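Contents: one structure, followed by commentary.
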Amino acid sequence: MITLTDVCKSYDGRTILDRINFTLGEREICTLIGPNGAGKSTLVKLIAGLELPDAGTIQRDPRLRIGYVPQKLRMEASMPLKVSRFLSLADPLKVNRASVLEQLGILHIGNSQMHSLSGGELQRVLLARAILRKPQLLVLDEPLQGVDVAGQVTLYRLIASLRTQLNCAVLMVSHDLHLVMAQTDSVICLNQHVCCHGKPESVSRHPEYLRLFGRSVADDLAVYTHHHDHQHNLHGDVVSSCGHHHD
Amino acid sequence: ESNSPAEPFSIVTSLPPLALAVQDLVNEAALADKVSVESIVPRGQSAHHHALKVSQLRSLKSAGIVVWVGPEMEQYLAKAIGQRRPENVVGFAALMQKPVVDYHLWLSAGAMTKLVTAVAEKLALAFPEANVLVAASTYNARLRQQTQAMQQRFAALPTEAGVLVFHESLHHLLTPLGIKQSASLVQVPEQQISVHTLMQAKSRMLPGQCLLADVEELPQAQPYAEKLGAPLVVVDLLASAATTKSYEAFLALLANKLATCFQSATGQDGSGQDGTSQDGE
Amino acid sequence: MIDLFTLQIIALPLIAGMGIAAIAGPLGSFVVWRRMSYFGDTLAHSALVGVALGVFAGINLTLAMVLGGVVVSLSLWQLQKQRSLAADTLLGILSHSSLALGLIGVSLLASAKVNLFSYLFGDLLTVNASDLLMIYLGGMICLALLVFFWRPLLMTAIDEDLARVEGIAVEKLRLLLMVLMAVVIALSMKLVGVLLITALLIIPAATARRLTQSPEAMALLAASIGVIAVVGGLFASVVLDVPAGPGIVLCAAALFVLSLLKHAR
Amino acid sequence: MITLTDVCKSYDGRTILDRINFTLGEREICTLIGPNGAGKSTLVKLIAGLELPDAGTIQRDPRLRIGYVPQKLRMEASMPLKVSRFLSLADPLKVNRASVLEQLGILHIGNSQMHSLSGGELQRVLLARAILRKPQLLVLDEPLQGVDVAGQVTLYRLIASLRTQLNCAVLMVSHDLHLVMAQTDSVICLNQHVCCHGKPESVSRHPEYLRLFGRSVADDLAVYTHHHDHQHNLHGDVVSSCGHHHD
Amino acid sequence: MIDLFTLQIIALPLIAGMGIAAIAGPLGSFVVWRRMSYFGDTLAHSALVGVALGVFAGINLTLAMVLGGVVVSLSLWQLQKQRSLAADTLLGILSHSSLALGLIGVSLLASAKVNLFSYLFGDLLTVNASDLLMIYLGGMICLALLVFFWRPLLMTAIDEDLARVEGIAVEKLRLLLMVLMAVVIALSMKLVGVLLITALLIIPAATARRLTQSPEAMALLAASIGVIAVVGGLFASVVLDVPAGPGIVLCAAALFVLSLLKHAR
């Protein structure tokens, strides 16, 4: 569906993404993980077509219908806009909207103004909008940040179920490893370059993964079991601990 | 143009000095009780930023005769006047034979006689019983006489030095009196002055030469007068003073102001004459 | 006070003003949403440059004015691609630079005795039937385009990134909006004056913002408020004998002040 | 330190907060939890003095030095501002800044421009700034949203340690129950009114809590053990399930 | 070409312009950050209302102008408390309403021999020694206040909420900034013209934005760019025979265009 070949991106001379290669298949759910500043959002923007790569190519059907949830969105107050009107821009059919709102647990805020929504409510509305477009590809940048615990569980399940509902692929950035790992087909561990890429079970046992996320996380999450043969180090210059250099 | 006989005949002019001259003519023809004369731009207001009011448009529409300078001077009237029948419109600039360079035509008594004649011809059609044409020629003769008197007066004054003008608008006043204009600071009202122009003016001016400016331009002209060290003489080009009752008085006032320019010059030259001569109005 | 004759005088201005207010309402909403309040001002100044160049090069002045507007709009369009400067700063730069250019034009053309500024001022009271035709025809076309592209234009105003991902040609739409605004402003400027058209864009839309809950309602209410201001202002200008344009603007401003009371409750 | 008495707040006639009473003691760490739209951010804004209550009183020393991390902050690009300069507005001493930056794992972005930071980086910088002010009260509205997993664990521990380091109280909003519960003195479960309030262990066994957050969360988190005697229901009108009505 | 005599004519304007540019740099940075590009414009129009009222009520005109500015600034201050309308929209409303009021004032004051507009325009070339004193004295005071309150002003510009929680009196600072801007603009307007002062506020600051990495650097660079523009523009006015004010504005605009090239690399 989407193929990235040797994609590089830098800002102000600083390399953010370095020779990224991967392919997203039809109906695949792929999760991008990685420390802060790893370049996840940048990669997502490249795939969504919001930025152009400095080098490399991104192959994508130009007519691909994408549903996108950005990491940051601030609604300006100068336009009066109800949630229901905002969503109707994606799908004019009221019944569709009502069912998606129901699924996302925000049926009661249909008449609220977009700019007065709470953080979690806005996030849900954005997700609703992305789903309502009946996309072939969902691109979600930390879609559930600020969403409450009950919502996180339900919504990650919902996202996973969208593959069969909408017949679409999902590319998602997330820090909620404990919730995501169960619902994803493949995991890309990103830190400027692709550290490791594969099925969740294999990635979570990958030494690079353990190095990036560290023992304590694994302990705290108590989701996966694996061996620790090294000290975890706090995000910082994790890159060099990956054992190769970037320029 | 509904001109029901019940309504008094009105003549509408664009600017106060035109209204003064037309009123003079009406008075001369003894039609003052039958004909009213008014100006669109009221006395004391700027002609540059005028926006029409409904009342003004109304009087323009119901006027028997409309007198204006021309679209070059009064763009804001062009459309409203274009909607009238051309027979009862008198355009000042259009009356001139030679191409007009300076549109401040009302400063020339000679040009004004042409306007008076043109208005009189139209007025005569509306009031055949009154002797409008005769009145016009009497009035014009008086204007010519006044011009001659002014010329004589200025011939006696030391006017060789000429004057500096702020806004290039005094051509019609200065030329008949044989006064040179050594330089002007701006040529159109919105123009701003470059250092270059200022230097040229300064290099061309003679000591004691005065700077002429309209009342309306006073705030802009004042600092330049100081900068150039020229005495500022303020003239009232649009007859904004309510005390000016006739075109003849308007001209006389201008002449008096202009004369102070040269009297103070001679005073500064120290040629012995006292500056306290007739400073009359 | 208002007799048949006066009515006759203000009939055409009334119809023209109402037409302009009706199209200015929806467009003005976009002006408020996109923070382009000073686009009108900028366009007026660019027209000045156009006139100066037109006189200089001896080409048709209306054409030259349009050309000036096109150049400035395109510059703004380009400049808006970077995000480090806000729209009002960019408009301020363009507007003041073109005013400066225009003033230099005035001084260079001074010997030709053209008063460039007079080209900028129209007067609502002097519109005639053919102007009316132009306003309504131009207005209709603009309105039709606006309605046709309403959904993508709205999306673009809500969030450019979201719109872009959804396949909306954001850049082209931004250009379209700018062209629409430029056409309406340019059309109206020569007929009713810069002050009136820019005020009719901003003030009714801002008033409507405080009273509505949806973008469509805001656009429609802005149009209605504009129409009310035109009627009120024109009648005030008859009764109080003040110039029509400023009268309408003040009437709109009064409505805005009234709308403030609503939220202050 | 701070006492709220019968605080009410409504927007456009809709009640957001209903007769809130609670006291925050010196050096207490208190966590506000609750579903999206519960009014947590509104309450935090009231306490920070950014909004005024419609009714009730908030007692607070007017000279109280507060460190605040808002839920949303978008830096405008019109001002050039490096992270280091932004932080120096809170504390001009370079050594202090360096040590806090180190603690937060963002030493390497000191020269980045504020408006180009990634979501997690911005969040860390805001937290750094709040800490650098040496506050008597830290008010944190979802301080770690978008922060990576390794960071979440470390930073929650850091926040807990601030009490002894800075001698300050902490009021925090969070959805990361599994991480927060271990580090907090008291938990306030908010949903328009205060549902329950107390020590983490007691709250996590409180029937209201279980009703709000549901069985599946508890299952997924696998942090606490308790009995489930009812079905979890997705956020929506959870309020009525709290057993009382609000108007 | 440039002899002693020229120097004499341009010395005072040069010194005055440099003084104004120096204070306009830091203030203009705040104008860019807070999106108040059209504050100068609004203030000029409010002065118009002031003059009209002053003539009407027979009070001192300078006082009346100041009063007009104060009223408009306070209105803006109040209006900015609500967040549903952006600063440029509010400025647009205030500016156009006061222009309309001014124009109505002009039309009602038939008997008074005033051209209100003439009160608005100064010309850099005509400043004299006492003006210079006023500029430098006023500028110094404003600059001193700006430096003294720099940290809280900066915090307020970064984020009002953060600043408020930290105990900064945001509302008062916003007022202070507005007063400083109003004083500098009002001082300069009568001496060097509205165009020049508003352009000197916006354009150098916008140019500096693209070249700097910190707010202080932006403020300082903006001041330097302003000074360069003043020098360049004045010399252009000597050599190329263009008016001084517009010359300076265009010179600043040229520097802005140059700065665009930097990012386009």
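In this document, chain identifiers A, B, C, D and E correspond to the written order of the chains, with residue numbering beginning at 1 in each.
Here is the rule we go by: a contact is a pair of C-beta atoms (placed from the backbone, for glycine too) under 8 Å apart; a residue touches a chain by one contact, two chains touch by 3 or more.
Please read these numbers as outputs of a predicted model, since none were measured by experiment.
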Intersection of contact partners for chain A and chain C: D, E
Touching chain B and also chain D, the following chains: C, E
For chain D, the least number of touch steps when starting out from chain A: 1
Pair joined by more contacting C-beta pairs (A-E or B-E): B-E
Most distant chain from chain A by Cα centroid: B
Interchain centroid distance [CA atoms averaged], chain D/chain E, Å: 43
Separation of chain C from chain E, taking each centre as the mean of its C-alpha atoms, in whole Å: 25
Whole-Å separation of chain centres (CA-atom averages), chain C against chain D: 47
Geometric centre distance via CA averages, chain C-chain B, whole Å: 38
Residue list for chain A, restricted to those that touch at least two other chains: 76, 78
Residues of chain C whose C-beta touches two or more other chains: 32, 35, 84-86, 89, 103, 107, 209, 242-243, 245-246
Shared interface positions of chain B, touching two or more other chains: 51, 53, 191-194
Pairs of chains, among all present, that meet the touch criterion: A-C, A-D, A-E, B-C, B-E, C-D, C-E, D-E
Chain E to chain D touching residues, read off their complex: 29, 32-33, 35, 151, 154-155, 157-159, 161-162, 164-167, 209, 212-215, 217-218
Residues of chain D touching chain A in the complex: 11, 34-38, 40-41, 71-72, 74, 105, 107-109, 116, 118-121, 124, 142, 145-154, 175, 177-179, 212-214, 216-217, 220-222, 232, 234-237
Sites on chain C touched by chain B in the complex: 5-6, 9-10, 103, 106-107, 110-111, 113-119, 121, 123, 125-128, 193, 237-238, 241-246
Chain D residues within the chain C interface of the complex: 76-78
Residues of chain C touching chain D in the complex: 83-86, 89
